[in-house]
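Below, each structure is written out as structure tokens.
Across the two complexes that follow, subunit A remains constant while its partner is subunit B and subsequently subunit C.
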Partner chain A sequence: MRITSWFGRKKYAHTSKPKPYVASPIAASEPISDQLEHNLLHLGQLFTDTPDLNIRHIPLRDTGELAALVYIEGLTDKNAINNNVINPLLHRADGSSLSSITVGRITKLRDWAPITSAILKGSSILFIDGQPDAFMLGTEGWPQRAIEDPQMETSLKGAHQGFVESIEQNIALIRRYLPHRELKIRNHQVGRRGDSRVGVMYLADVAHPEVLREMEERIDRIDIDVIINTGELVELIEDNPFSPFPQFMLTERPDTAASQVAQGRIVVLVDRSPSVIVGPSTFTSFFQSVDDYSTRWSIATFIRLLRFFAFFVAISLPAFYIAITSYHFELIPVKLLLTIGEYRGSVPFSPFIEAVFMEITLEMMREAGVRLPAPVGQTVGIVGGIVIGQAIVQAGLISNIMVIVVAFTAIASFILPNYDLVAGVRLIRFLMMIAASLFGLFGIVVSLMVLTGHLIALESLGTPFGSPFAPLRLSEWKDTFVRAPLWKMTKRPHSTRAVQSTRQGDNQPEGDGK
Partner chain B sequence: MKKYALNDITLLQYIMINFGMAVSFGFIELPAMMATEAGTDGWIPILIGGFVTMFASLVVIRLMQRFPEGTFFDMLAHYLGKWAGKTAALAFALYFLLYAYDGLIYTIRLIKGRLLPETPAFLIALMLMLPTYTIARNGLRIVGRYAEFAVMISLWIPFVYLYTLENLHPLYLLPVFKEGWKPILSAVPGTFFYYLGFVSSVILYPFLKHKKHASAGLVIANGITVLSYLFITLVCYMFLSPDEAKLIHQPSIYVLKSIELSFIEQVEGLFIAFYAFIFSLSWIPPLYFTVFCTSWMMGKQEHRPHLRVIVILFAVSTYFYLPTYDELENISQLLGVSGIAVEYLFPGIMLVFLWIYVRLRKGRNWT
Partner chain C sequence: MSVTGILRRALIVIPFTLLISGCYDRLDMEEASFSLVLGLDRDEQGNLIVYSSIPTFNQHAKKKTHEIVVSSISPREGRLKSDAYSVGSFQPRKLQVLVVSKALLLHKKEWDRYLDVFFRDGRNPVTSRVLVYDGKLNELFDYHPPDKPILPLQLLGMLESTDSRAETVVTTLQQLQRELLDKGQTPALPQFALDQELKLNRTALLDRDGRYAASLTSKEAMLLRLLQKNADKFRFTIPVPKHLVEEPGAANVLSFSADQTKTKIKVSRKGDKFRYDIYVHMPVNLTEILFPIDVVVEKAELEAACSAEIRKQLEALISKFQQKRLDPVGFGVYARAREYGYFKQVQDRWVDEFAKAEFNVKVNVVLADIGAIE
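Let's turn to the complex of A and B:
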């Protein structure tokens, strides 16, 4: 039954048209009346069961007309409404009543559709008896988190401000880094019910117009109920959703976002979400961290190399362990072989079972650590350290070497700076382990071949994901394995397809080297 | 008019495809083969063969310059009609198919023989088809990037051979021309087989981004091939005594047995496994060319259905029949003969033929 319905799903989707999302039978797209009573009546019909809707009747001081202020409590700034709207309307009589309102944004609205949506988004609406227009007052103010240090991408020397849940603030945070006229933002609305504001931010004279158009088209194509988080948007606009690798970088750091925009990439901000999308991304951009640019370049280069090494370790070390202990023990020196054999001798499982067991334990511990509240989270570490580390070896279930391999793999995956990349790596590690258990080294190499084949074919917004390795551009290796001195990076990366390729002039400090 | 602009490849990718196709298993096989034919002078025929190949590849480019915006088949269709193009496409499809099959079977044999003696061959074939399909289905550009990448990450190979340096005896090479020119010259045709692959330019040429560098590209590709062959034969001949060199099977791998690192005792196992990247270039690009030819023949843009059929056929066929080393030798011989015909002779003949044909037709037009 279930299988048949699963098969039938596609057909069903074709035959029945999606129902339009009508919120209520009362048509929302008609003009308001010039009589206050009618308007309030209509409003009552539109907003049934909305106890947080507040309607305040105000007799205007200057003309004596009746007015009504409508807003939703909790989405509006109480102070602004009391002091800047109600107070002047009630008490001040100089000039017209409208000019006495002291809020920043006042817009005339005539149709019900924008009025209802404005109310729901935190504006307050002023209806005045006898006038065919309503006035939208910008009084938004909802519970907000203060700007904090980014949680996922901590840095030593970078700024300690992370994005928050409001798009206006996030835009402001980026704009602080790039106060330039050419920094443009295009607004899109996504989600029929959620109606999220999605801002596409780019440098108009640098970003490639085709890439920009591609991004905007993909965003506009989305027809969805609601988008809660940026991750959902990413999945809807990705080039290859079946890939284990992220094709867009998500960052919660304004400085990273600003630096990417300056390189010619496009940043997509989603309202209510504290991370932004950076695209087009390349594989190597997931190995960059904002600290790389503020530490000495030789040290940053070393760390970069370490990260790439860690990537391969995290992907293939358990697989190599399996391959070597079950197929190619002639590869390793006799002394090491004896050591391994000594520990392996007492273990009842095959290397593959051993490795899978330990890796799954590790993944569970990691997942447990993420979801648990901080005080409980510490116990996970203790349990993991004692049980998995000591007891399991003493009990003879797992060999010492395996514990070392798993620990090394875990550390290697921790130093990769991007969470999404690490998630992909974790998945691939298991596939590699299976391949290694079936085919030994050959299995590892074939999986590496498939992996490279996949990575070089992958695209992000139509630009090659594997750049600058495949297609090879040696001159752009300055910001990949190595982090060349900043004054060497005079060109923007080709992978951003920036229109204006020169990034800086000759900034090399005067000295012996020059 | 620019029918193939969307899938263009860079010069480096062009070089690497050609280099990878040629070098793949020649690197393993050539030293022993030259040793039996020309003794320790075996490196000289490689050099001569390389120069002949360079000349032959320039002929191919010359041919393609007649019709720079299309493949060879487009050219034939343009001059001689649709069916001429289709016939040529079929012939080339078969040739590349044979090429790919030879490379694949060789790899399977080597891996089965040296790494996984217990594993059934069809499983190895099945595994090898995974990257093949992943890469070839995405079109020429991805094949080019893969070739580039595969060569790049195999750059460690020459450095591994540096470890054999202490065991090399340059005196083994002397005297040069031990037995005169005769064995050297008679060994030259044998090298041609290991240089095959440059005829892929009949398909690659229109995809190339900077066509004026095409000849230079082929010469470079050929130059690197010659250099790597020279390198490996010289290392082998200096490592093994002249008599040993004739006896030892696949000396390139044997030489590695002398290397012992502190963390790896036998480098050759690792070498064979990772050399699969280079091996894969002996069948992934040809397979792509095969399906390119067949889909061109059928007048279709989409090459994936054909690719799927061929990949599945390859995998399934190894379940029922896997050539032994001797049969593989026969296949290689067939490939060698058809290769000399298709790559060395045919382009020259076509060049002359088209030249005369165009002359004649022009002449007719005037009267």
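Let's turn to the complex of A and C:
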């Protein structure tokens, strides 16, 4: 294998066909029998070592036939089974037994494959002696978390509902924002064993069909055991898996997702995962937060500029410190030079070692804070604050200036609203530090150039990641460094490739400015 | 191979090729001994003595600077010798002030060859200020008053505050080089001395060959800056004619500040004689009057008196320049701009031409503000 191909990314071919679903070979498409005993026997063979499988024998009241209700305990709603299925079948005699069942969804099934899959997903199956069909009853119900504030993306003014682990609820949360019949959802199944339901949500009259097809093809190509979380799906469908930067935005906020759908983007929901994928994403979309649109535009603009500034600070400040103190100290104004020199004079390490040591300590503290339970997490803060803030400087191991640099860098990276982007920034920071320690400012400049080139070359779902900077579309800078007044943004961004480009009419309030 | 393939290969190869050459000029700040002040002096035998003052970054050191004195044949050799004495690697990269002793300027022929190293070696700065020291440099480098910051900061601070009042010139190495090479100009440098304390109240003028020729006082330096057009804020205290002072015995002195001074210099030639028309427009704010006068009533007289006094001083300064064959204003630059052909013929003896030139000075002082008390 060529070394270059290792860095290369796989191109997605538009012509490829999705692979057919291959079920477990034991009961591929065998139809069920009309004998109840045979069916139960077969079921026993299919579900060995499945103690949570429950089979309830029920004599039907109206015909006296024997029936069996099969379901998995824990995945089904006990109340629904007791009150809406078993109770009417046993005690109500009016009409046929089937019509007395009071659940919302009853489907006739004939083959074993869909039956086993339905059982495993929380439906209950009713076998009736003498009938060649089984009935799938929608009695799903499993342990669920209540809807809470999003954990990763908190907002001041936005809604306080975050996605949960069930796709139905997540769809409902988005639908509440866009109750429109053009909001479509296409279902895909991903994972041979996990069989996750993946919903692709889009506005049919806005989203570009080609982008949609690309997304669906990528999802259908996946041949995998199971997808536990959305992040895994992203890694399987992104354009450049070797980039440190995320090419799809993950959000756990229904309002963010809805606003992206309304802009013409596509949202992919994964069952059992509380975050959704938004694509195609651009570099600037990682600097936007919902709060931007509900604060006054001048203030939102200021915060936007802070974020872009913070991005560069978080990437290059420690590197800059290293370059300046190791190569170009003649650039420092003489008074500052004397101050820095006084602190640096007693430090036994070179600036690079100093910076790497402090940055690694910071990253460890951050990681420790994430994984520890909240009450213990506070200890990290105290240990870090005292050890790093004071003791290390007093001991003369690290200079004061370095502590300031690290603190400033940390704060700059906290400002960025997207966790995935920050993770990339943290990684790149170390590369920049190495470049700075080897080549000084020259190394920083070259690294920034390579970084810019990389960002421009990135694509998300085949659309340019750097838009609207590269390709340049000045009219779309209204939602980049600045956040223009909402009534100025009458067009959907090009980067979404929306087919319906007009977003709103003339909404500028009547007043002095108009 | 496709273009992207080439690019991708290049992206992998370039970092490694860079690694080969990296690090060679790395020098951590605390491992360098960077000299902030460099002094050039001569001993009795005429040998060059190089002084340098290096800040020490050791919290346990009592003295904040380390002075090195070496005798050498050139500044670059001085650097090599100094390296033997310094704690870290001796670096002139952050040089702030170059002090040249007056003795060196007076007695050493072609002393300016010593500056060559600053322009030939790209690592050396060209923005360091050049100052002339009136005295022996060892006094200066042994001067460590407990109540003042270290020498470079003292010198820079002094220079900055004096410059803000336009009482001397500020000359960087690069500017000095230009003034030395320019045939239509002679150099000027700030001059200071150690008289109990450091004081910067003179401006040294160098002649065509770069030798010390004369010094200007603060007041003269202010007028020089006015003619050079590179300052516009001046503070003058001048005498006025006695007839304006009604009360006998009162001091005939007033002070004013001029914040928007405009100078125009026009050059023309009649035969082999240059003629300069200098027009100074000076709106002034009165800040002090030491005699009783009704400023409102006698505005015109006061303006005329001030104009006459400034004009007198300017003319005196220019004739001093002419006598000493010095052109720190750069009148030759004007001549070259306007009378190029003729200037080319006389440029090698420009100062003599300049001495012959005729000057016509006009000053227009306008009372813009008479102060708050009236």
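What we mean here is this: the second predicted complex is superposed on the first by the 487 of 514 C-alpha atoms of A that agree within 3 Å, B and C clash if a C-alpha of one lies under 4 Å from a C-alpha of the other, contacts with A are read in each partner's own complex, and residues count from 1 in each chain.
One rule holds in what follows: contacts are C-beta pairs under 8 Å (C-beta built on N, C-alpha and C of every residue); 3 or more make two chains touch, one makes a residue touch a chain.
This structure is a prediction, so every number in the text was calculated from the model and none was measured.
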item	value
Subunit B versus subunit C as contact partner of A:350, first or second or both or neither	second
First, second, both or neither for A:224, with subunit B first and subunit C second	neither
Partner chain(s) touched by A:342 [first = subunit B, second = subunit C, both, neither]	second
Touching partner for A:98 - first (subunit B), second (subunit C), both, neither	neither
Contacts of A:444 with subunit B and subunit C, given as first, second, both or neither	first
First (subunit B), second (subunit C), both or neither touched by A:330	both
Touched partner set for A:397, first subunit B, second subunit C, both or neither	neither
Partner chain in contact with A:152 - subunit B first, subunit C second, else both or neither	neither
Which of subunit B and subunit C A:464 touches, first, second, both or neither	first
Footprint overlap on subunit A, comparing subunit B with subunit C	327, 330, 334, 438-440, 443, 446, 450
In the complex, subunit B residues that touch subunit A	10, 12-13, 111, 115-116, 119, 123-124, 127-128, 130-131, 134-135, 138, 142, 144-146, 148-150, 152, 260, 262-266, 269-270, 273-274, 276-277, 280
Touch list for subunit A against partner subunit B, complex	327-328, 330-334, 336, 435, 438-446, 449-450, 452-454, 456-457, 464, 466, 469-472
Contacting residues of subunit A [partner subunit C, same complex]	3-4, 7-8, 325-327, 329-330, 334-335, 337-338, 340-342, 344-347, 350-351, 437-440, 443, 446, 450
Complex interface listing, subunit C residues touching subunit A	5, 8-9, 11-12, 18-19, 22-23, 25-30, 32, 34, 36, 55-59, 93-94, 96, 125, 150, 152-153, 156
